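Note that the chains take the letters A, B, C, D, E and F in the order they are written out, and that residue 1 is the start of every chain.
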Amino acid sequence: MKPVKRIEIVIEELELANVIGELDRIGVVGYTVVPRATGRGERGVRYETVQGLGNVLMTVACDAFQASQVIEAMRPILKRYGGICLVSDAMWVVHDS
Amino acid sequence: MKPVKRIEIVIEELELANVIGELDRIGVVGYTVVPRATGRGERGVRYETVQGLGNVLMTVACDAFQASQVIEAMRPILKRYGGICLVSDAMWVVHDS
Amino acid sequence: MKPVKRIEIVIEELELANVIGELDRIGVVGYTVVPRATGRGERGVRYETVQGLGNVLMTVACDAFQASQVIEAMRPILKRYGGICLVSDAMWVVHDS
Amino acid sequence: MFSLSNMLIPAILFFALGFLAQLVRSDLKFPPDLAKTLSIYLLVGIGLHGGMELAKINPADAIGAVAAALGLGFGLPIVAYFILSLVVRIDRLNAAAIAAHYGSVSAGTFVTAIAFLDSLKVSYESHPVIMLAIMESPAIIIGLALANMARKGGGDGHGKQVSRELVHDAFTNGSVVLLLGSMLIGAIAQPAGLNKIMPFYDTMFMGVLSLFLLDMGMEAARRIGDFKKVGPSLLVFGIAMPLIGGVVGLAVGHWLLGFGVGGTTLVAVLGASASYIAVPPAMRLAIPEASPALFLTLSLGVTFPFNIIVGIPLYFSAAQWLAR
Amino acid sequence: MFSLSNMLIPAILFFALGFLAQLVRSDLKFPPDLAKTLSIYLLVGIGLHGGMELAKINPADAIGAVAAALGLGFGLPIVAYFILSLVVRIDRLNAAAIAAHYGSVSAGTFVTAIAFLDSLKVSYESHPVIMLAIMESPAIIIGLALANMARKGGGDGHGKQVSRELVHDAFTNGSVVLLLGSMLIGAIAQPAGLNKIMPFYDTMFMGVLSLFLLDMGMEAARRIGDFKKVGPSLLVFGIAMPLIGGVVGLAVGHWLLGFGVGGTTLVAVLGASASYIAVPPAMRLAIPEASPALFLTLSLGVTFPFNIIVGIPLYFSAAQWLAR
Amino acid sequence: MFSLSNMLIPAILFFALGFLAQLVRSDLKFPPDLAKTLSIYLLVGIGLHGGMELAKINPADAIGAVAAALGLGFGLPIVAYFILSLVVRIDRLNAAAIAAHYGSVSAGTFVTAIAFLDSLKVSYESHPVIMLAIMESPAIIIGLALANMARKGGGDGHGKQVSRELVHDAFTNGSVVLLLGSMLIGAIAQPAGLNKIMPFYDTMFMGVLSLFLLDMGMEAARRIGDFKKVGPSLLVFGIAMPLIGGVVGLAVGHWLLGFGVGGTTLVAVLGASASYIAVPPAMRLAIPEASPALFLTLSLGVTFPFNIIVGIPLYFSAAQWLAR
């Protein structure tokens, strides 16, 4: 087991490609996405009335250094399009140990 | 980034309106819901055989004070209808900072 | 509220029965599953092209002792079939207290 | 007369196929929303057809059927409740929840009965469709009332609020709205427009029903794992109660309403069938102490298959016997 | 002449049923993917039919319709933008986003208009289908351009990249691809093969449309909660703008293109309808500052129901009046 | 004779449309469950039709076809395995997994072949349907056996348990159950009932197939991104292997089973097609070391499109040539 940061992101489905692009740039390979989330925030209620306008819930486990880069990359996206990003600590049951 | 409580709730879809009502009462605006979760607990296996009887997974990020109110509001609901409520710490990458 | 371990597992849907079998063996009753997750990891992108080949996101809340057993049970599965397992701390708003 | 070959109607064979698929633990699985979609289609289809037929009859003529439906809907759950409390001897809250399921109806069973009658070229009255729509709701109210009595008033604030919501939900639940709504549309829409819509329902109806029953067969077989939890006396109830409801329905259809063999069979099916769409969520909200494992296993896993395979032909034979 | 009984075409009644179901807070809910599936079916169906018809006409003949579609697609959002900025006086970014919706079209409204004409046995030209496909995209480009102007160039790197993507998306969005693609298939596929496919579309089309409108009725009514946010002057815009677009469409259809009553009605509907499939995601990406609560409520909650219930019969009556 | 215009059957054009939509990066997307729903429909449809036809022939007559199916199902994956290990020279576990896909069959390809034959008004024997159902499973067993050999027994407890499960799954997987089940229903159900169900399948079959192929076209094009991972020699295998399987199928159909042009074409398609429904999950469980990126890209991204566009007309021309 090794300590990692667990980043949990809720964004509009439309923004997903954008966020994955940022992960690629940073060099973060792994992520998991749960589609079709609904929710409510400062911008009101969001559900998938129209393709692309629902939320997705993304989880990224990575080390602290990469996490800080992901966080910085998320700031402008969250500002522009809304959504949330929560960071917490977890232990990763690594595949090969 | 600011420290928040991350509340994770699993309840029957039918109860969702009820829980959102409690959040409204407390003044918690934001939440995210993942529909169509299945699961197993003290009351056996739950999946959506019938509309409304599946689980949903709800995540609420809020400050510690609101969190304690949400927790109190959840207790009677969990007792009556089952489900779980987990609370942990996280850092919130705030939109505007 | 009582402190618990929150285990978060991402595996291929096909493996779900296998993992639940391990939980049964260990004596862990409760779990929640979110189906239809997609993701990317060492084995490339995973989405449900074919029934059973998508990811599911499983959450298990249990005490530390059971958690360590679950973790050991997950290691060979993760090695063989891929996926991730993250462990963190949470407080459980217990039903009956 | 009824013979084994009547069982070989495709709809029933598809139900058996689904059941079998699940028994041999096949990985066959229908997308979760497919069953919902198929049942929306079936409800609208029955509604439109029923509405078009009902438009032809004298409204006064339907009053008897409406009254009978209300009678069955309010009466049968009370019968079921007493059997459950006094004979099966389960706790009152579970008894109330289960009773509500048996007082209500199963549109899937009703449609299968129609397929059965059609395959035998037996005609039937159009009134039972309106009875189907009406009988969805009253049992929910009775279930709630029985539970409140069992709780000696159940009068905390929460209970009262839930009661109000429940009564609202009972009359606005999706199946009722779809069925009554499309019945109304079938009755009032201009015929030219209806003629453009009906091929969608006429051409596909039996095919859709088959797929629906294939899925329901799997769902029913999935419930077998819970038979242990239900226990032998409740399992017997799951077969005895449809027989009781069926007999009451036969009597109402034949003597009270004066229907022919087809219509009487359909009223029997209304009496015999148990809800698995509208009532479960209502009872879950109203009586959270009751176990879904019990009421779902009984309605979906025992009574539904019993009615599809054994009940419908039986009620039909009885209706024929009455009509001799 | 048009009379109230024309309103009783089932498609519109099903829309009303969905609306009502939501108003009485029924728990009726369509699976989220059902609406998408139904609209894929409807788009392919219109496309194939349109393509088969278009194959019969002289390509040169269609040039006028194509030009008119481009004119409407580029012109109407500019009109809408000025009304929104100068009359309704909302901020420029929201104005740009809303304008784009009104410059584009709603396939659902178009199909309902076809159902309406069919129910009155009114024939129509095949050109409007190609106009429907063409008009999906230009308004997106205009919306983007207006937003860039409002931002005084909007010229940061992010903005430019989004612009490039948006122009790409405008021409490759799903509805456009489905519609143009099936139109092409309808035009070039061998007739024997098409004859095997068309029963799927001919038999089911009106039935599917009814279910689609049932769902859209619920969706429209769900938006009523946001009327407060939208405010009275925007609500008035949601009804005035389709009337303006409808009048422009009537003029274009009747005088410019020389269509008959049916074709003119359809062009009016193209002018009057607002997009709720292709444009919302495009505007969300292009103008994140604009509020989806505004543009979705206007297009889905106000203009769509207005066109279905009032607009279509109105444009039709006007087209009849023009054709006297 | 076969000419280019045969390519213009709508089903194939829709496949091309889906492929193109994905290539131009359109946001067109089918709901994930739609493809599953369509393929349930198609499997039941082929099954019912096949069963009704098979009911007319002498069971003894079908023994040859059954034996041939088993021969192909057990033989082809072994051929594929040796080509993959000795010629393409990939590791044995990936070779075993890929081989299993090519020994099994693709119902989607089979149905498209039927649409192709129908569009040319070429008749065909009913036996290939039963071969389709039979050929789903054996290759899974062979794949497993080859993998166990590659692992030198693979004999840890886990391996043995997985093997047992796999053999079970091979014979109870959803497609097999649906296909055999509806074949049986088609053969034994009372004709009056079947006649009520068949319009659902007859009217819609080709339309549903088109939508299914539209979706498969998108899915195939999505796989192009993985071509790099697959590498040139495996890509060549993805085209060579269907040709080999097609030739074997032609020989079996023409000489061994004595079928006409239509039936021979269908047997060739069975030999040539690779599974993408039943085998992938089986191989994922049995040989977790094998890469899904390889076997899915080959079967869905290379062989499926090759068969739809080039293979089917080719095998048909060859069958015509044999039948001269």
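Quick note on the criterion: a contact is a pair of C-beta atoms (placed from the backbone, for glycine too) under 8 Å apart; a residue touches a chain by one contact, two chains touch by 3 or more.
These numbers come from a predicted model, not from an experiment.
Novice: Could you tell me which chains are in contact with subunit B and with subunit E alike?
Specialist: Per touch definition, common to subunit B and subunit E: A, D.
Novice: Pick same or different for copies subunit D and subunit E, depending on whether their interface residues overlap by over half.
Specialist: Mostly different residues.
Novice: Tell me, please, which chain's centre (mean of its C-alpha atoms) is farthest from the centre of subunit C?
Specialist: E
Novice: Return the chain whose centre of C-alpha atoms lies at maximal distance from the corresponding centre of subunit A.
Specialist: Between subunit A and every other chain, the largest centroid distance is to D.
Novice: Of the pairs C-F and A-F, which shows more C-beta pairs in contact?
Specialist: C-F is joined by more C-beta pairs in contact.
Novice: With centres defined as the mean C-alpha position, give me the subunit E-subunit F separation in Å.
Specialist: 40
Novice: Centroid of subunit A to centroid of subunit B, CA atoms only: how many Å?
Specialist: The mean C-alpha positions of subunit A and subunit B differ by 19 Å.
Novice: Residues of subunit D that contact two or more other chains, please.
Specialist: 27, 29, 32-33, 36, 174, 203-204, 281
Novice: By the touch rule stated above, which residues of subunit C touch at least two different other chains?
Specialist: In subunit C, residues 34, 36, 51-52, 82, 88 touch at least two other chains, as defined above.
Novice: For this structure, enumerate the chain pairs that meet the touch criterion.
Specialist: A-B, A-C, A-E, A-F, B-C, B-D, B-E, C-D, C-F, D-E, D-F, E-F
Novice: Within their complex, state which residues of subunit D touch subunit E.
Specialist: Touch list, subunit D to subunit E: 33, 36-37, 40-41, 44, 168-169, 172-174, 176-178, 181-182, 184-185, 188-190, 192-194, 196-201, 203-204, 281.
Novice: Once bound in the complex, which stretches of subunit A touch subunit F?
Specialist: By the definition above, subunit A touches subunit F via 51-52.
Novice: Within the complex, which stretch of subunit A touches subunit E?
Specialist: 12, 14, 36, 43-44, 46, 48-53, 76, 80-82
Novice: Can you check the complex and tell me which residues of subunit D touch subunit C?
Specialist: Listed in rising order, the residues of subunit D that touch subunit C are 27, 29.
Novice: With touch defined as at the start, can you tell me which subunit F residues reach subunit E in the complex?
Specialist: Touching subunit E: residues 5-6, 8-11, 13-14, 17, 20-21, 24-34, 115, 118-119, 121, 203-208, 210-211, 214 of subunit F.
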